[in-house]
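Below you will find the structure I want to go over with you.
Note that the chains take the letters A, B and C in the order they are written out, and that residue 1 is the start of every chain.
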Amino acid sequence: MFKSIVRKFFRNKTAVLGLIVALLLVLIGIFAEQVAPHDAYAVDISQKLLNPCAEYPMGTDQMGRCILSRLILGTRTSLFSAIIVTAIILLIGVPLGVIAGYVGGVTDNIIMRMADVASTFPSSLLALAIVGIFGPSLRNLVFVFIFLWWAPFARMVRSQVMKIKETEYVLAAVAAGDSRFKIIVRHILPNTISSIIVYATLRIAAVIAHIASFSFIGLGSQPPTADWGVMLNDGRQFITSHPLMLVWPGLMIAIVVLAFNSLGEGLNDAMTPTSEEGAVVKETGAVNV
Amino acid sequence: MCNEEAVLAVKDLKTYFYCKGRVVKAVDGVSIDVYKGRITAIIGGSGSGKSVMSLSILNLIDKPGKIVDGQVLLHGKDLLKFSEKELRGIRGRQIAMIFQEPSCALNPVVKVKKHMYEAVRIHDKGARMNNLLDGFRQTLLRVGLSEPDRVLESYPFELSGGMCQRVMVAMGLVTNAEVLIADEPTSSLDLTTQAEILEELLRLKEEGMAVILITHDLGVVAQTADDMYVIKDGKIVESGTVREVFANPKNEYTRYLMDPITIHN
Amino acid sequence: MKRLKLILLRIVQIIPVLLIVTMLAFWLSNVSAGDVANVTLQSKGIQPTEESLAAIREELGLNDPLPVQYINWLKKACRLDFGVSFQTNRPVTEEIFSRFPATLELAISASLLAVIFAIPLALLATRYRDSAPDHVIRVMSSIGATMPDFWIGLMLLYFFGVQLKIAPIVAGSKIQNIFLPAFTLSIQYAATYTRVLRGNLVEINRLDYIKAARARGLSEGGALVKHGLKNAILPVITLIGVNFGKLVGGQVAIETIFSWNGIGQFAISCMKVKDLPVIQGYIIIVLLAYVIVNLILDVVYMYIDPRIEVE
């Protein structure tokens, strides 16, 4: 089973490419300071707005900071916040989904109504409101994403659990007198894990795109943080004179999002047995704020 | 079987499916003749290739399937050599087809009258709904639908399976098709409705239509058909008039299919 | 009759959500608003002293218990009265509604463009499924759905505004400038709709009634358009509506990039200075718009799909 998934996955070239790029980016994020040629925060006005050269491969920004170094540091900012957001919505969404799906009844009803409320908001609306009220910062933004996105996760897990609950091996375990906890850990979780992994991978892509977007409009990371969205916002006023300032961060966002998306879709295709389209609803990294 | 010239003759038809490097010979050298005013039955189990054959007659085989060889002669002209556009002129107008699951063969969100109108309009761009409605009512009455006005205004999902099948037949009639291919027209219907639809096919035959009846049910064949072909694994294993074959089945497979009936007799 | 009942049911279902959201909106601004009085004073240019703070608290009813404050606020909110903007000193509703048409124009054009792109692309992909056009469209839509729209917007602005000089860089919300922002917004939706629509069409294409239509003499494309499209598009309409609801809330990034004076851009400028009445008003009005759009959608859906009535 596991072997066949791996084989199927590695036959998919886009997915493998996505995996490689994603791993590479994580490494770059971890070793950002070591990889970056310059200090990403070192201001040197005499070196401002340089075009790409040997010293600064991607040029410098309006404060004379090395754009390449800022891009590399930005990898850490966006990848790590995306991973944190995804990890937390996993920690909230999976248990709630499992409980709702397995226990059912009133508990299920309460959890699902909560999820309804969380998803009634147009996501950008809530993000704008909360960040607006508590002040713009990456931390507040992370809270918003967690509040909004545990719900679809819980829903997905719930529907999976409800399907698995009716299978014969679970019924057999119930008949054998296994405890609820044991059934959930032994039989239910292992069978939802593939969807969870796929969903989480796609979610990372979406979070990255969203963070960039909010930082771009000034509601996420604040200057001088090295963040792709902030860099794009900085570059906006130089669109006529230094358009490259807009190209680099955008390319990075696009690459990361595409990498995680193709990784997620590759996993999805590899893990779903036969169907043409995967079982997990395809979440895209699309952003609109 | 019949001395008259066949309206439709299938000669050595081969339709293969290419899946994952394998070749499935769904129809492998089938020849049949279909005559005006007669019901020609094609009998076979599931997967025998009978449905693929019926779709091949209209050249409606989609990838990964392909008609690799043979002829489908309508009045001596080979349909397989026709362009797609010429074929479209044949489909529905000269050769109509009805399907096993009548409620699935009609678009659930399109009213019956629009279905019938479309059947005509495909072949006659100038047709106008208002001029046609009277004819539609007559046709629906002719196929045994006693409330034509209500049926015309209905959506297919509001009709029973038997009514849908009558509508399908009616759609073949409004274009004056010469040949009707009925692919398991009764197997999803209850027994009474089955009998009524078969009656309908017999009546069409009396009116001079050539009917190809595709079925797995020898009882149906015994009741209605004139000629029969037994198909197995894409090949014809036995053919002849119904009387001949029933009196003296030569092939083992035919005898196997007949078993319940012979016991019954 | 059944339709009317369904619509009424929908409205009843919405009420609790609206209540919760209004509470949240009210509560949210109170969390950060130990300083409501403070902020209000400063916005009026009055130096906050003990006295003036007490006076303004009395004036704004900040000494009442929270539920009372909420009810009072809600009463006003029901009349779409959210007070005046700290920033501009004009009524919030006026500020928002004066910018609403611009946002609406953008939302409508983006949705329309997305559908206009998606339908032919999906039909093409289905008709030539698993061959070159399908693959190309699949890759394109995959990229289109994942690219951040604000970056696409920036690149388009650079290309058309700076390089080709056929679009103004600072455009302003004039209707003749709408194409670029609308097109930018439409890309990801077009991509998503194309994928969903193609999926549905391929499913439907397998059904008997498409085969039956072809057996009647329709071409494969014709059968797809006449019989496949309507059924395939029904689920997409929900999606279009939900996205339209989102678009109606204003597109901050796109509005900013193309200097389009919509409510998104306005809301963000108010949020940066904690203009609380505007934030509250914005949340409620946008949510109302969102809910209304979805309600209209339900009704439209009922009329398009005759099957709903029998269920």
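Keep this in mind: a contact is a pair of C-beta atoms (placed from the backbone, for glycine too) under 8 Å apart; a residue touches a chain by one contact, two chains touch by 3 or more.
Only a predicted model underlies this, so the values are computations on that prediction, with no experimental measurement involved.
Novice: Setting chain A aside with everything else in place, what contact-connected groups do the chains form?
Specialist: one piece
Novice: Where centres are the averaged C-alpha coordinates, which chain has the largest centre distance to chain B?
Specialist: Measuring from the centre of chain B, the most distant chain centre belongs to A.
Novice: By CA centroids, point me to the most central chain in this structure.
Specialist: Chain nearest the overall C-alpha centroid, as shown: C.
Novice: How many angstrom lie between the centres of chain B and chain C, each centre taken as the mean Cα position?
Specialist: Centres of chain B and chain C (C-alpha means) sit 51 Å apart.
Novice: On a C-alpha centroid basis, what's the spacing between chain A and chain C, in Å?
Specialist: Here chain A and chain C have centroids separated by 22 Å.
Novice: Hey, how far is the Cα centre of chain A from the one of chain B, in Å?
Specialist: 54
Novice: Which residues of chain C touch chain B in their complex?
Specialist: Answer in residue numbers: 130, 207-209, 211-219, 226-227, 230-231, 304-307, 310.
Novice: Which stretch or stretches of chain C touch chain A in the complex?
Specialist: 17, 20-21, 25, 28-29, 31-32, 142-143, 145-151, 154-155, 157-158, 161-162, 169, 185, 188, 191-192, 195, 199, 202, 245-247, 249, 251-254, 256-257, 264, 267-268, 270-272, 274, 276, 279, 282-283, 286-287, 290
Novice: Spell out the residues on chain B that touch chain C in their complex, using ranges where they run on.
Specialist: Per the touch definition, chain B meets chain C at residues 55, 58, 60, 63, 84, 88-93, 96-97, 99-101, 104-110, 118-119, 122-123, 155, 157-158, 168, 171, 175, 181.
Novice: Name, in rising order, each residue of chain A that touches chain C in their complex.
Specialist: Touch list, chain A to chain C: 116-117, 120-125, 128-136, 205, 209, 212-213, 216-219, 232, 236, 239-240, 243, 246-247, 250, 253-254, 257-258, 261-262, 265, 276-277, 282, 284-289.
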